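Below: the structure, in structure tokens.
The first chain written gets the first letter, and so on, giving A, B, C and D; residue counts start at 1 in each chain.
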Amino acid sequence: MKSEIFEFSVQIYYEDTDHSGVVYHSNYLKYFERAREDVIGIENLVELWKKNNLGFAVYKVDIVYHEGAEFGDKLKIISQYEFDGKYRLIWNQTAWRPNSKKPAVDAIIHLVCINKNKQLVPIPEVKLPLHS
Amino acid sequence: MKSEIFEFSVQIYYEDTDHSGVVYHSNYLKYFERAREDVIGIENLVELWKKNNLGFAVYKVDIVYHEGAEFGDKLKIISQYEFDGKYRLIWNQTAWRPNSKKPAVDAIIHLVCINKNKQLVPIPEVKLPLHS
Amino acid sequence: MKSEIFEFSVQIYYEDTDHSGVVYHSNYLKYFERAREDVIGIENLVELWKKNNLGFAVYKVDIVYHEGAEFGDKLKIISQYEFDGKYRLIWNQTAWRPNSKKPAVDAIIHLVCINKNKQLVPIPEVKLPLHS
Amino acid sequence: MKSEIFEFSVQIYYEDTDHSGVVYHSNYLKYFERAREDVIGIENLVELWKKNNLGFAVYKVDIVYHEGAEFGDKLKIISQYEFDGKYRLIWNQTAWRPNSKKPAVDAIIHLVCINKNKQLVPIPEVKLPLHS
């Protein structure tokens, strides 16, 4: 069962681009993480980390680049997640350039939760409405 | 004669921090640039670049680090500029952690404008109200 | 038909890690790109860009994270490629922590070549011995 | 009394540049840090961190940008330090493009040492031959 669809926006600055004139490919992973943190709630992540010694970690990414975003673009990041058992959260995330009909980049990202000893723990219940 | 004072906000994500637990020192230069681009106007910068082949470049930075920002902080960036002749724009920029009485980081940053041949040109008149 | 196997090494600095104590996940894409540039030859890439207006672009990445590298690690990047037709170069790349028996991260990365108008062109013959 | 002069080299990759065609200004701070870590010894820094809970932190940077490095450049980083009392290490660092007669970037960088409670401690004696 999939979550609702979340929207987040990312402004593209000088720092994001490379000398070929478009956004450097690894940066989209940063934008997708910012968007996920926005969904989960940064204050929740801080509390999990400080009180429970828990953090999310990316386990797997499948990403396809269709078009390069440029300096000045305001990207729209669309995110949706679903649980895959108790230990994995699967995110479907896309990045859209202004006025475009197809996503510039799309990705499927698997998140797990680990404690300070790097051991897997069940995904905690933090503002993720579909948790069963 | 100094400009008015501008405010900009920056959310600190995983990507911003390093293993010591605070924001990596060079990242504040990115936040200050984002804030300057917000003051000048990103659409103005895109137009300058595409139509006039002009871009701003950092010539000089004096920066002091008083306190490290942490994951989850929402920093406030305070910016003010003044012209130093026709060729140089001097920015006074500070980064503030939430609820703090002193800036975490303060900087003086000198900006110049260059064309595609890397030659200095006068600062163009783009939404910078104090240009004389 | 697969290429020979190439080795490249990456030192992990403060800048590479995040506050959780391990390397930030998107940075491995940078290390893999550095290793590919080393295989292709940076001087070849500069010449392609300046004389022929051609550049490589990442089209697709499938990456799995098994273990987090830490500050001070010297990672070994192992790379191998094969052509998939004239237009695509598929790389198999892994990152190894010191003295480990399994890769910390493994990835399959699809590279294409584009001109300044962002049109696909055949992969150029630059120090890639298996080109048919 | 100044230390000997240390040399370190940095290859400029796609990730280092921005859409204006040169290295993004904040990245030189990363190169200077890599060079300092090389002088101090990364294994020493790891041991200080893990055993003594101590880390170096940048307190102050004065940096001037004379010329932009480009994709493909192999920069030479020249570093020299001196102690300023027991609590501060002052580094003089410059970045040189290939075959150039002047540094592209020069900086004076003040380093301090802090414990896990963010309190200043004297600079530890780690492979820094001029410590008095």
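Operating definition for what follows: a contact is a pair of C-beta atoms (placed from the backbone, for glycine too) under 8 Å apart; a residue touches a chain by one contact, two chains touch by 3 or more.
Because the structure is a prediction, the values reported are computed rather than measured.
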| item | value |
| --- | --- |
| Between A-C and B-C, the pair with more C-beta contacts | A-C |
| Farthest chain relative to chain A (centres taken as mean CA coordinates) | D |
| Mean-CA-position distance for chain C and chain B (Å) | 33 |
| Centroid distance [mean C-alpha coordinates] between chain C and chain A, Å | 22 |
| Touching two or more other chains - residues of chain C | 14-15, 20, 26, 30, 33, 49, 71 |
| Footprint of chain D on chain C - complex, ascending | 11, 13-15, 30, 33-34, 37, 42-43, 45-46, 49, 71-72 |
| Chain D - residues contacting chain B, complex | 20, 25-27, 29-30, 33, 49, 55, 57-65, 67-68, 118 |
| Contacting residues of chain A [partner chain D, same complex] | 14-15, 17-22, 24, 26, 70-71 |
